[in-house]
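Each in structure tokens, the structures are laid out below.
First chain A sits with chain B, and in the next complex the same chain sits with chain C.
Let's turn to the complex of A and B:
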């Protein structure tokens, strides 16, 4: 097969842009794990829920999808806090494993509710917005403006998250909780409050990711299975609980996916990624930047 | 005590055997068939999750592999529908188990949540391969399995007995494992893997066997399921909902017990099939299912059987206490004994 370097460089650029969007969704997931030892399998369904909220705002209030985030992100923050208080907090023993089961059930309920409200037809966000329909030339290929804008949105929000984590009092409390939950409790940090807020932040980042996801491709209530399997793979590859790892892994995964798509075939992109994931985990079970906890019992 | 239990189990088995003759209605036997199949799946899943403590959310992949093995074998050797196809079930189970060996070696390098996530990845890789290996699986078009010759209400009966046989086989294996030295080693791994290894248990081999045995049974269940359905498609063969179903049934019945997952499977799948047949609305079913799961985990985290057992034993304790206080003579006797023991020491 003749390799077309223009196509490949275009695929790399597209991979970096979409990788940024995935980093947005995965950062919430890995942050929640770091703080609470909880794996939120509903993150995929919450991304889709965020996308549908933006869709509803766009359809009924006729607001630009980027501006719709001003409504959907606070709403999803509250939903996240409620979910944490109602379903995650009561879990006392074997928290990680039970959180997977509970959030899987939450994902099913969300999928069922979305299916009833929005039907199971595929929809796409911003169908009439210029940045969704127009593209610009980079390297040798055309890339839609929405990918660039989505990447910029991700960069801005992740920078905001960085400032929140490393420059505020709450950020100190959160990072202390990641380091050692019991010790954080002993020095007077209200870890339950930190947990609820962290979960809310993760879910509101899912809403932003969902908007970008819904504008770059069509989706339906059942899209979350595919999404969550990719997000879990990303945070495992990056190292559970590591924010930087999640970002690196997102971009790595999407670049691999896009390059495989143009060089070989789109249907094999995900398979190639999962195979690479398995190889990486055989050598390094804790992922790129994770601490060696994967083998600890 | 065990004699009573055995007699009860024998009675249940007898009821299960005559059941389709008492209730010949095709809808009833259909629901019963699915309930038995899912009880078998939960019972098999419990061998890995309940005894060994490794919660696999990817074992439904072996259900799909078994189904595809059945479809491909029937196609390649032009096997006609009928009783003969049931002889292929052990072959399908062995094929699924053969896939489970390398997958187990890879995934069992990790523990706890990383293992859970890797098994989820395993399921989706299976689904993607089923979609993409067009030469083998015909991709999203799916494959047709041979049509059995039985017509009407009689169609369900052979499948019902096959499912019953699979359930008895899986339950016996599960029971035997729980009572054996091998099962004790598995439970030691569940409680503290490093200590188990320190005590000289070959944890690698034990975990691998506990991974492969359920895959064997799930392969046979998948083959039966898709032979019954008459067709197989990737999204139904590799369905994450099946993994959730096995987990839900085991958890609600009582993880790590022999009877719990079977009870959970019979109750939940029976109820779910009944809902699906009577209401037939997709969204409602998902909401009900998720809500039921949430309720079980939050209200009865230990499952139906252990919760009932705990209530029963606390009730018996209370009754014993009441009897003891009702007859002061005995109480003082035992007190006297206690004192005597105390002084003799």
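Let's turn to the complex of A and C:
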């Protein structure tokens, strides 16, 4: 079998760029698990909610979808805080298990509301924007500008989040909460406030991820089902609670899928990824940058 | 040991409990009882399972619109043999198990007289078996894949209300390509399809016809299934499929898409790859009217082909009334009318004609037996044209090709149905 290196390099580049977008969507999921021990299976629905908010801003205010984030991210931050106070905070016992049920219910409610407001027709963001249709040459293939811009957006926001975590007082409080919630409370950190803000940040990152997702493919209120399964696979592979792990795992997943697809078959793309996921978890059950490592990063 | 003395239950309590039990069992709404109401004509309930959520939600909603339009239409024209019709629907979330549960519930709990089918072959296969278990006819608008008809024990109750079996959808496209003058005729073709019982078989038919007609299959052989790239429904990124096809520089591309996301995703990727095939056809997606043109950009729709059994300007039976009713209720232009809705409306038309011939509505068991018999033998008219079914319930007509011309999808092949000449080669992406 002759290998077409142009095709493979194109698949790798696309995998890296698309992986960046997935990392943005998964970052909120891994962050809330790290801080709150909450597995937010509504993250996929929140991503789709973010995409629909950008769609509404684009359609009604005629604002570019990237600029729409100036409206949708703060709005989603508030929604996230509200969700935390109303539904997550009351979970005092068996938080991880119950959070799956509660956030699944939230996902279903979001899907239902979106279906009522926007109908279940598929839509796409920025269908006529130049960067969605135009592309640039890299190696022997072309890549759409939207993938590059989506990747840059992901890199900027995740770098901003890193600075927030490691260069601010809030970040110190947040990391202390990750290390030991009770000890953090004892030294005077308001862990409930930290949790609410963290959940808000996670949800506002979903807004950005949703915009990038919605600009690269059509979506409807039910698109979150496929999405959440991929996001969960990413954070398990990357290491629950690790931001850097989510980034590496996202890129790993997309590159493996794309390269397997172009070299052999798309059917095997998913299979190969999950085989590799199983192998990694056998060797490193905590994922690439599992929790213990993540806390030291 | 303490023995409890049995307590006497007052007669009144017993009567109330019995009444409640009867009500819970569905009396007096049961069709058995309803049939005997003298003087007042019982409402004919028709049960459908539609995908309002999940993967098929876009198409599912259009199917429901079609059924509801037919309900209004038939009631406005005196109902089904004088009985008002009521469509009862349940959401199956695009799930194969839920669709089965829905039909069992519609028949057992809602006591519907007839059942109409859901969207997609994937859901029709289990749903039709469930309906068969109760002896119900299963006329359906959108489940025409070979798996629906070809099994070890073929069903007798399924009727696919479209002009042709799905497996032949791309046959018209392949015949059109081969009908092009030899000098203009393309020399290479590439094929890809979602792993789906609706999409894959029809791509295979096109591949066989074109390969036999000396159009070289340039699909990469590694990992392909008999020269067709197969992608799974849960692919995280359709770009890699597009990349693989684009690298072949095939002049013709045949894509077994099952809905708008893959259809538009592949086209967008081709645009980004500056890949301009001379002819491009997709099984599903370009038939979604304005939803499709909005997603890919109106100018990029030019020249894209989709097999069809209906179009808004057709002079077929009751089509004008359907189009008028659709636009009145859902607004938009002619290009925005979904083919799914037209297919669902046709199901109602065909069943109404069959019932008017067999004249049996009660009880449900006899009504369905008569309907199955009539659908197997009769000829019917619909907004999709004439309908006749073979012994497996497959239609015996042919599909035609619709091509996007200046923002509208119009019939272009075969000649007797065409309102425009087919555009070949397709214009370059805008």
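What we mean here is this: the second predicted complex is superposed on the first by the 287 of 297 C-alpha atoms of A that agree within 3 Å, B and C clash if a C-alpha of one lies under 4 Å from a C-alpha of the other, contacts with A are read in each partner's own complex, and residues count from 1 in each chain.
Rule of thumb we're sticking to: a residue touches a chain if its C-beta (ideal position, glycine included) is under 8 Å from a C-beta of that chain, and two chains touch if they have at least 3 such contacts.
Treat the numbers as computed from the prediction; the structure is a model and nothing was measured.
Annotation: superposed three-chain arrangement on chain A; chain B versus chain C shows a clash.
In the overlay built on the shared chain, the residue A:182 is in contact with neither chain B nor chain C.
In the superposed pair of complexes, A:143 makes contact with chain C only, with no contact to chain B. Shared-chain residue A:261: touches chain C; no touch with chain B. In the superposition on chain A, A:270 makes contact with both chain B and chain C. Using the contact criterion defined above for the overlaid structures, shared-chain residue A:225 touches chain B and also reaches chain C.
With both structures placed on the common chain, the touch criterion links A:115 to chain B and to chain C. Overlap of the chain B and chain C interfaces on chain A comprises residues 111, 115, 120, 225-226, 229, 267-268, 270.
Within the complex, the chain C residues that touch chain A are 52-55, 57-58, 60-61, 93-94, 195, 222-224, 229-232, 234-241, 243-244, 247, 259-261, 264-265, 268-269, 271-274, 291, 294-297, 300, 429. Chain A contributes residues 39, 87, 90, 93, 96-98, 100-102, 104-109, 111-113, 115-116, 120, 225-226, 229, 232-233, 236, 240, 267-268, 270-271, 274-275, 277-278, 281-282, 285, 294-297 to its touches with chain B in the complex. Contact residues of chain A toward chain C in the complex are 1, 4, 6-7, 10-11, 14-15, 18, 22, 111, 115, 119-124, 127-128, 132-135, 141-144, 217-222, 225-226, 229-230, 253-254, 257-258, 261-270. Of all residues in chain B, those touching chain A in their complex are 55, 57, 106, 109-114, 116-118, 120-121, 124-125, 128-129, 131-132, 192-194, 240, 244, 247-248, 251, 282-287, 289-291, 293-294, 297-298, 301.
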